[in-house]
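A short write-up of the structure that comes next.
Order as written gives the chain letters A, B, C and D; numbering starts at 1 within each chain.
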Amino acid sequence: MAYTAGIVGAAGYAGVELVRILLAHPDFQVKVITSNADAGQPLASVYSAFSGVAEAAGLIFTTHDDPALAACDVAFLAVPHTAALAAVPGLLAAGVTVIDLSADYRLNDPAVYEHWYGVPHTSPELLADRAFGLPELFADDLERAADRHAAGAPALVACAGCFPTATSLAAAPAVRADWVAPHGPVVVDAISGVTGAGKTACARTHYCSADENVEAYNVCRHRHTPEIEQILGLLGRVVFTPHLAPLKRGLLSTVTLPLAPEAAGLTAEEAVAAYRAVYTGRPFVRVLDAGQTPKTSSVAGSNACQIGLAVNAEAGALIAIGAIDNLCKGAAGQAVQCANIVFGLDERRGLPLVALPV
Amino acid sequence: MAYTAGIVGAAGYAGVELVRILLAHPDFQVKVITSNADAGQPLASVYSAFSGVAEAAGLIFTTHDDPALAACDVAFLAVPHTAALAAVPGLLAAGVTVIDLSADYRLNDPAVYEHWYGVPHTSPELLADRAFGLPELFADDLERAADRHAAGAPALVACAGCFPTATSLAAAPAVRADWVAPHGPVVVDAISGVTGAGKTACARTHYCSADENVEAYNVCRHRHTPEIEQILGLLGRVVFTPHLAPLKRGLLSTVTLPLAPEAAGLTAEEAVAAYRAVYTGRPFVRVLDAGQTPKTSSVAGSNACQIGLAVNAEAGALIAIGAIDNLCKGAAGQAVQCANIVFGLDERRGLPLVALPV
Amino acid sequence: MAYTAGIVGAAGYAGVELVRILLAHPDFQVKVITSNADAGQPLASVYSAFSGVAEAAGLIFTTHDDPALAACDVAFLAVPHTAALAAVPGLLAAGVTVIDLSADYRLNDPAVYEHWYGVPHTSPELLADRAFGLPELFADDLERAADRHAAGAPALVACAGCFPTATSLAAAPAVRADWVAPHGPVVVDAISGVTGAGKTACARTHYCSADENVEAYNVCRHRHTPEIEQILGLLGRVVFTPHLAPLKRGLLSTVTLPLAPEAAGLTAEEAVAAYRAVYTGRPFVRVLDAGQTPKTSSVAGSNACQIGLAVNAEAGALIAIGAIDNLCKGAAGQAVQCANIVFGLDERRGLPLVALPV
Amino acid sequence: MAYTAGIVGAAGYAGVELVRILLAHPDFQVKVITSNADAGQPLASVYSAFSGVAEAAGLIFTTHDDPALAACDVAFLAVPHTAALAAVPGLLAAGVTVIDLSADYRLNDPAVYEHWYGVPHTSPELLADRAFGLPELFADDLERAADRHAAGAPALVACAGCFPTATSLAAAPAVRADWVAPHGPVVVDAISGVTGAGKTACARTHYCSADENVEAYNVCRHRHTPEIEQILGLLGRVVFTPHLAPLKRGLLSTVTLPLAPEAAGLTAEEAVAAYRAVYTGRPFVRVLDAGQTPKTSSVAGSNACQIGLAVNAEAGALIAIGAIDNLCKGAAGQAVQCANIVFGLDERRGLPLVALPV
């Protein structure tokens, strides 16, 4: 028997990726899709990929305040920050488990949230019990949420952002192993495809601006910076520079970590072995052999994360590179992975395991 | 219980798309993948999308003459023309049903084959009983093949080419309804993504040649011309000009058909209604409303074909446009669809129904 | 001594291409650039390619009604239709020669204009004396305009549209040579890059909509249809289907013309020879050898038009393919070429002759 | 009167960019173009952008040993490393000034060359007098070469590589101003378009591999590493990770430099002011305002370098970003710029100053 699901913000890029995944999921049934801008429109009139697809025939966008959400087993929130603050308390009160893809419940400290997002946090009391939605690094969080759900109480999962997901999966094992020097910048240069900029048509997302161009943006002020620092426990040390490149899906994060003196002799082969030990049993994280590098095209459309590792012994640095699909493992796929765990299902359930090979 | 499958030419683009689809198919189990150039290599070392994927772990390329093929229930041939001529008789003799993606058994008349391909046809006796693999237009053929298979005899399916598939699905209902004038050119201007040019690295497929460029190629001499003419019964009337555009997957065929005097008053709405009647019950063909046009991005990665129709009353012409993924509905997906039918399964079984919405 | 020039609508894609060309032109000096939306902004703040370029340092957008335009020797209008109707009479009255890139003065018959554009033509009296701006096919028009200008009177040039330019350069010599059958559709399937859709950010021009996609649009109702029919003298016979492909600049028009019985034996080599005779002395039109096909990447950024020709003897059709840069030969470059002729300069003056080779 | 020029390796991407630039250069006349693979072919048959271009009509590829090179005033070498070692001594002996785009004479220490390139340096005696071809940072070198040339002796210029050019223009002013901490990695994460991978068709440069993909390559072992360290005087400290992105031309280098305690209070505005002082009078280097970031599309096709600067005060780092066209400022354009200086011309002479704005 399937669980019923609602998707709030289903017309955005992460939202429609949720629709794609959940329509093929054997254990969740999409009951509600909302989009204030497209309310009243059938799904296929906004995304023609669903035109003529029997499974999508009945889906019509409603507004975010659709009361049918309260009757769902789970609500996925693919809305901008502050919109989740507005919706989450009510959904939880109605007994609906919430998988939140926004930034609203990611940061432990509401003051940090208010500093970076420029708005007050209106339900900080929910932060203590929310699970952080990055299953490979916060397994305990999700286990607690699953227990809570099994006990009949709704859970709240704050899914990690796209850049923090790729960056942290690539860097966390090194940090947790104490390989990283105690001082000095940790440099995160990441490249995202244009879906990362969202569905809103603007000068930056115009084809003729984005095509044949690479550029950095939001240098030193991207809001994923405090999230990366929080996950890795590297407060005040992360220099995060996101870049935009001309592709639709894909996110590559190249992290350069200064090695601690104790880790001076580390080889890439040793790093690979240690990482593989950390990620044993996690089917979506794929640590490549030393000498190999991840490609975004090898994960696009799937929930996989590829990790490549190299060591620059002379300069004393580990280079850890993570590749994901920003809409899937970086957003909708990871959300479904979290929901699978919370609902006691295999974490792979219903998720795309393999990218298009070409 | 699953049927065993072998894929000959599994390292090419159509071949690896077969691997992708069949690895997720509940009723076929991939036992053999061959590639003379990559023999001995694991699948993941050639296509890194499969790196770390449990289902693909055991797959290692062997050569095309791998005797294990003879023990399979079905062999998919994703090889160039003449290579199928060499392999098919032996496989059939071994009792293996063959789904051939090459051009070798498509043309009814071996003389036409020899004219366009410049080589003799070495097993013309197989042409009479082969099924033409375009299920929506040759349902009887595939039914006969299914009967044959059910009776314990191996079947041979010659799958339609990519351009003929999109072109014929768009044009055949009009031709069969006798809307087309008895004389004058029928113009097929089609656009393909670069996967259509194959995996071989050459000047034409170099990124820096194909990017930011559109061009026509093989004007008046593309080998899909006689196949289109045969399917549509328009011998000597098709002017087929294929074009290359900078995208990986996707094929759009714009067919302009001169209207017969009897069809002079045809409206787009009537055409849409008639097409929908023809394609009732065929889940992969999606006829759009009048005024809508198909997009290759709405079918890429899926086995769908979108069709759009318009009428130019003044000039007396029907414009019928078909969009497919050249590797999926135009090759591997259609092959699996044919296999499903021959093996008595639902034709949708194991096939991707929906493109990535973005 | 340089002539002074104003560019009305200089922030659009055709407008800024005019800026690029005229800044490097030895005989025109850009005095005024207008953009109602960007008035008050320096050029480089809207197009960062001009950042730090000395020649562009003083250029600041003003509004379309900038009185400084009346003091220019020439005004280039890169505005939407109806905006040119509003501006042209006043500029001519002020003695300013006008090179109009809009559609407002292209169609000979104001009734046809009103039918296709849905607005009344407010200065039809100017149509008789305007020159049609397609120099290789309307040399007499431009000669008359040059004479007029030499005599001290302002001239009005209505530049051809992008699709009509490529289509007509490819098809006109065949039509003028009476090779084309007197009845039956003439099929124009053309492919444009996304700059052709203009600078306005919208769903269609979003990178994530246009990338990895080809589609037809405005089927049977694109406003360049009557312009093509007028130039070629093929009223009611042109079936024009424009397509959008994922590249910035470039336009390829594939024209299939039914051959008249008298032209039944025409060969591609004969067609090439005849075309070369027609275009002798026209440096921008480059007729390729039989068997070769034009590429948009071979003309992008330049004012060139490449033409390829093939004959399908069996179906009785000539395939004539033209490739241009839609912003250059299809808009700004052709406008400057026209201005060169009107001002008595070599038509090549100041124009980019060669595309980036890669 | 023009100087005569030969281009060795003119069929490669940097070579044909030299052809493009020099054909439009008022002071150099291309007399010889060589390509062993294409010897005997006209230029236009290899690069169709030159088809029908009068200026290119006479150019036919000869082999690299064409004796006509010895009669040229200047030879540009766009060949792989070791090929320049083979050619340079002879050309200099014949009195020909050599502008070498290869890596053969870039590194001061032949032992470093031999370590990174794995071959012996066969003419180390030429290193002392060669000029390093990065005019904005090695003005003295080029002045000496100009003096030498003016005195009638041939000069040898070893042009900087593409990654070192963008990286060093972005980082050198900070290093020279002693803002950089004395220890710790300096991280260079750079992104190149696919022309950077060269013209050879291979799996990596196949459109279907490069499109919709970003990846790092040659991590910790790219041969531009010692060149960057030499230019910046940061031996053993540079962690250089190049990335490939799906565009033809363009190179963006993001350099993260740890700040010295003395530079702790540095602001982005101060950095911009200091950089502008360094680059005063250098027309190709354009330092953007604080808060702005460079775009490769704003320099592609031109010889410009855009630089953006930001400071992360908390982590103690300067982020300096440089954008160039890898084929122009990163190769052919810089070579012509060097030749201009050596021959006593304005450094801008004949060079494209502005990118296509869209």
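Keep this in mind: a contact is a pair of C-beta atoms (placed from the backbone, for glycine too) under 8 Å apart; a residue touches a chain by one contact, two chains touch by 3 or more.
What you are looking at is a predicted structure, and each value in this text was computed from that prediction instead of being measured.
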From chain A, the most remote chain by mean C-alpha position: C
Higher-contact pair (C-beta pairs counted), B-C versus B-D: B-C
Distance between chain centroids, defined by C-alpha means - chain B, chain C (Å): 39
Between chain B and chain D, centroid-to-centroid distance (C-alpha), Å: 46
Contacts with 2+ other chains: residues of chain C: 13, 195, 199, 208-209, 211-212, 246-249, 295, 297, 358
Partner chain C, residues of chain B touching it in the complex: 184-187, 189, 191, 193, 208-209, 211-217, 219-220, 236-239, 241, 243, 245-250, 252, 254, 256, 258, 293-297, 300, 308, 310-312, 314-317, 319, 321, 323, 358
Footprint of chain C on chain D - complex, ascending: 13, 16-17, 19-20, 23-24, 47-56, 195, 199, 212, 248-249, 283, 285-288, 292, 295, 297-299, 301-302, 304, 306, 327, 353-358
Contacting residues of chain D [partner chain B, same complex]: 13, 194-195, 199, 201-203, 205-212, 246-248
